[in-house]
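Look at the two complexes coming up: chain A is in both, with chain B in one and chain C in the other.
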Partner chain A sequence: MLLTLFYTAAAVAVISTALVVTQLNAVHALLYLILSLIASAVVFYLMGAYFAALLEVIVYAGAVMVLFLFVVMLLNLGQRTIEQEQAWLQPGSWRGPAVLAGVLLTELLWVLATGSAAETGHVVSSKEVGIRLFGPYVLAVELASMLLLAGLVGAYHLARRGGRLR
Partner chain B sequence: MSVGSPLNIGLILGAVIATAAVLIWVERRLLAVWQDRLGPNRLGPLGLLQVAADMIKILSKEDWVPPFADKGVFVFAPTVIMVTMLTAFAVVPIAPDVGIIDFNFGLLYFLALSSLSVYSAVLAGYASNNKYSLYGALRASAQTLSYEVFMGLSVMGVVMLAGTFDLRVIVEAQQNLWYIVPQCLGFAVFFIAALAESHRTPFDLPEAEHELVAGFHTEYSGIKFGMFFVGEYIGITLSSAMMVTLFFGGWHGPLLPPVVWFVLKTAVFIMLFILIRGSLPRPRYDQLMAFGWKVMLPLALVNLMLTGALVLMVGSDA
Partner chain C sequence: MSAAAIGSAELTALLPIVTLGTTAVVVLLWIAFRRNHAEAVWLTLGGLSATLLALAPAAGTGPRDVTGLLRIDGYALFFIALFCLAAIIVVLLARDYLRERAEQPEEFYLLLLTSLLGASVLAASTHFASFFLGLETLSISLFPLIAYATRDARALEAATKYLVLSGVASGFLLFGMALVYAETGSLAFGGTAPAATAVLQAGAVLILVGVGFKLSFFPFHLWTADVYQGAPAPVTALLATVSKGAVFAVLLRYGVDAPLARLPMSETVLGTLAGASMLIGNLAALAQHNLKRLLAYSSIAHMGYLLLAVIAMQRIGPALAAETLGFYLAAYTLTTLAAFGVMTAMSPADREAEEIGDYAGLFWTRPAIALLLTLSLLSLAGIPLTAGFIGKFYLFIAASHAALWPLLGLFVVGSGLGLYYYLRVIFRMAASVGEGTAPGPSGALQVSLGTEAALAFLGLSIAVLGLLPASLIDFLAAEALR
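So, the complex of A and B:
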């Protein structure tokens, strides 16, 4: 039962990700990307990583993708870009990457077919995540927070009113 | 009756939808009372059948999709708010044996679904292909994203005190002292954030009718409009239920059975939502955002630090 759920969610994630690439309308592509993120959250959940699953939904599906959608909506692209995308999706431009991706896919399938079955993860508690984040991975957390702070200061500088740039 | 039994699920689902429907009447009646009017009082006892009349009207209206709309997304948008709000109810612990699931990350699950509900407004605004709708959607997404941050931060005090994200354990931990006492600051932030997330007056700028016609649902009619409407009421019910669960001791209370206490407390908060609509004016949009980032965020952080310091000092085992 769990395995069926797992493979269903994984299939949804893979198919919707493929549709992200092939969709001509930018907003429809984003919708598939959101679906793909939610499907991978379900995969996390089934592996026992409840915390990661919910954070995936809160941060990626619930916040980051809204901002993406926000920007695409503001640009109000319309029919012209759909035609442009159509031109980009000519077979000549995707044949090369598709062959390379196919090589990776066969490699992955081969590993899955010969290697051991998927590990059944143990349930990860929020305390465990916290201890890991502020224990062995504290340097990564600090680096990420510095990066975010730099982004914040940069955004403030660009958006402030009455500054020197005006 | 045990948690997660089919009877439980059916009853809770039915009760939530019925509450959302009755709220249409309750809101109009209460607003009228507070404004010294009568409100809908013609149909049935106390005008209660007004709910049925509204339902028949909204269901039999022409369900029109504008020719310039992005049809698939246009139809999909109103279902998002209904589905996310209804599924969020799954983790609300109503009484010791009443509830749908006990999930040890219940609080995060609630935050995740309330952050997904913003897609309803954003997609509606985009799909309508109308400038007023687009403005409404932009406002809705910026407002919801900002206030979500404070909502998440404001409940972390409760999580620290209870030592868990499990809503049922949080309620059980309030046996002796409701968290409104140590977490009054957290509650204030949570309440304002919940108000902003549900796009209710005074935070209804995404659908401010004096400047944006009706905001993101300008182009909607019939049952699709009804779904936005009912989704909003379910959102209010959900927020009220969460406030009761997190800060007001859930089902705890003397004499009356637990379910009655839970329903009573939730009803009080729903009425508070309506009273606020009847009494406060709408701020300007930049004031709303400035208030969020300049007042609410520092308050939430101060609350978080004080609670953390307190928990460390008392040295509780949480």
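So, the complex of A and C:
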């Protein structure tokens, strides 16, 4: 049974990702991208990686994607963009994401109701992840911090005011 | 104590990498409180020198695995030393270049240090996690560096191209790593699989595609010329030497460590990439009138040549392959730095001297600079008595020992084509002052003592490596992959 759930969630992920690529409208594409990330969170959940599933939802679908969506929608303010946003969010455009999200929700409720164990038979707890990260992979954590530092400084420099194209 | 623990010996081995990271943080904090170009330069130079000094105690600990992610051995330390040397020269060049152009030049050095950190991690990595993190640290630092100085539209275009293609390449790489992991169950390079399944082969090919983008092998080379042209000359120098050298270092390490890199299919794929890169790179370079684009296409060919060492590794053993790669990369790094150093020194404040016409009659107006560029181009072409010749000789030996005859043929043909377009630039420099656009030294950048010293060092080392290669060869033979 869990295998069926897994394949359904994976199919949702693949379909929504394909729709991200084919959508012409940036906002619609982003809606599908959020869905794709949530679908992979469900896949993680079904495999017993609860912590990774949680991070996927909070960090990617939550913070990063909503930020993307806001940036795209806030790029140009004014009356014209309000009309544009209304045009973007026609009832028709949220039907697709809603159906796919509904599939995922049904799956989640099913798993919660039946209380079935993880497909792999092993649940990865956040404690285990922490011990790994600060044990054998401690250098990777340090490196990732330098990577983020480089990204931050680069973004600061490029987005700085006062620069002018010539 | 478990194998993964970090004791004092491991910390000593990590000292060069820790020093680099510390320098980056110190420069960051210093900039936060005091914005001063000269101070940032001195701090960076001090940190890089400290890193070079830290190599000695690190070498004393012998080949040592640190937490399974990194292996600090002679091979890694040699490349870290080479990258630090290249970075010192780039700092000296960038100091003059940025003084005239950028509004806030200080972050340049910070990003240079983080890119160097990524490159050093790559040279030492034996694990997909450190491979990916090192590569991303290197690439993420390079995007803002490419768009750094002039804020002109072309630099931004180059940075955007590099960003997008780098992202695509990283995607391929990650997907390949995931497939390999699915079969081997290990993220370490040495992970083994019971059989060479289709999934494993697909993973290996995807990893090669990702690496191929970064090294600009033939079908993945389209970004190279535009990015080289758009980036500031010192950054192009960094991109052409440190970034490519680091990826090559990790590619050879992967080839040596990973049993699945020795699939028969890998040799075919790599051979095709190498042959096509040599041919296409050289043919495209023939038509260029822009020195930066010419060097970009010739770099594609050089990367193709270098791939010979990696392919030959399976037949001639890792020691000779590492020696070949080490020598060729050292020669190529010094030579390319010299070429872009001359370009930096020749560029007026408002543009870059990138057209071949800018160099017409240079022998009569600025003989020292012209001599250095000639030396560098001759070394790239592989003329005897230069470092490039010994490098090519090494490759020739490696390829003929491995009996890679078709590739060796392409290597010879490519070198012949290369000679033509390198000599064209040299002839242009020897043209008499009257004809064409004669650039006086008047419009060019005010060159400081630091740049002059860096250029003199480069010229000298190209000549010394060409005349007395034994010094480096002995070192490489003793220190190469053990």
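One rule holds for everything that comes next: the second predicted complex is superposed on the first by the 103 of 166 C-alpha atoms of A that agree within 3 Å, B and C clash if a C-alpha of one lies under 4 Å from a C-alpha of the other, contacts with A are read in each partner's own complex, and residues count from 1 in each chain.
The criterion applied here is as follows: contacts are C-beta pairs under 8 Å (C-beta built on N, C-alpha and C of every residue); 3 or more make two chains touch, one makes a residue touch a chain.
Keep in mind that what you see is a predicted model, and the values were worked out from it rather than measured.
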Touching partner for A:V138 - first (chain B), second (chain C), both, neither: second
Partner chain(s) touched by A:R95 [first = chain B, second = chain C, both, neither]: neither
Contacts of A:L54 with chain B and chain C, given as first, second, both or neither: first
First (chain B), second (chain C), both or neither touched by A:V27: first
Touched partner set for A:S126, first chain B, second chain C, both or neither: first
Which superposed partner A:V66 touches (first chain B, second chain C, both, neither): first
Interface residues of chain A shared between complexes with chain B and chain C: none
For the chain B and chain A complex, residues of the former touching the latter: 70, 72-73, 103-105, 108-109, 111-113, 115-116, 118-119, 122-123, 125-126, 134, 137-138, 141-142, 144-145, 148, 152, 165
Chain B partner contacts - residues on chain A that touch it in the complex: 25, 27-28, 31, 34, 50-51, 54-55, 57-58, 61-63, 66-67, 69-70, 73-74, 76, 125-126
Chain A-facing residues of chain C, complex: 4, 6, 21, 24-25, 28, 66-70, 103-104, 107, 110-111, 114-115, 117-118, 121, 129-130, 133-134, 136-137, 140-141, 143-144, 147-148, 150-153, 156
Parts of chain A lying in touch with chain C, wherever the complex brings them together: 135-140, 142-144, 146-147, 149-151, 153-158, 160, 162-166
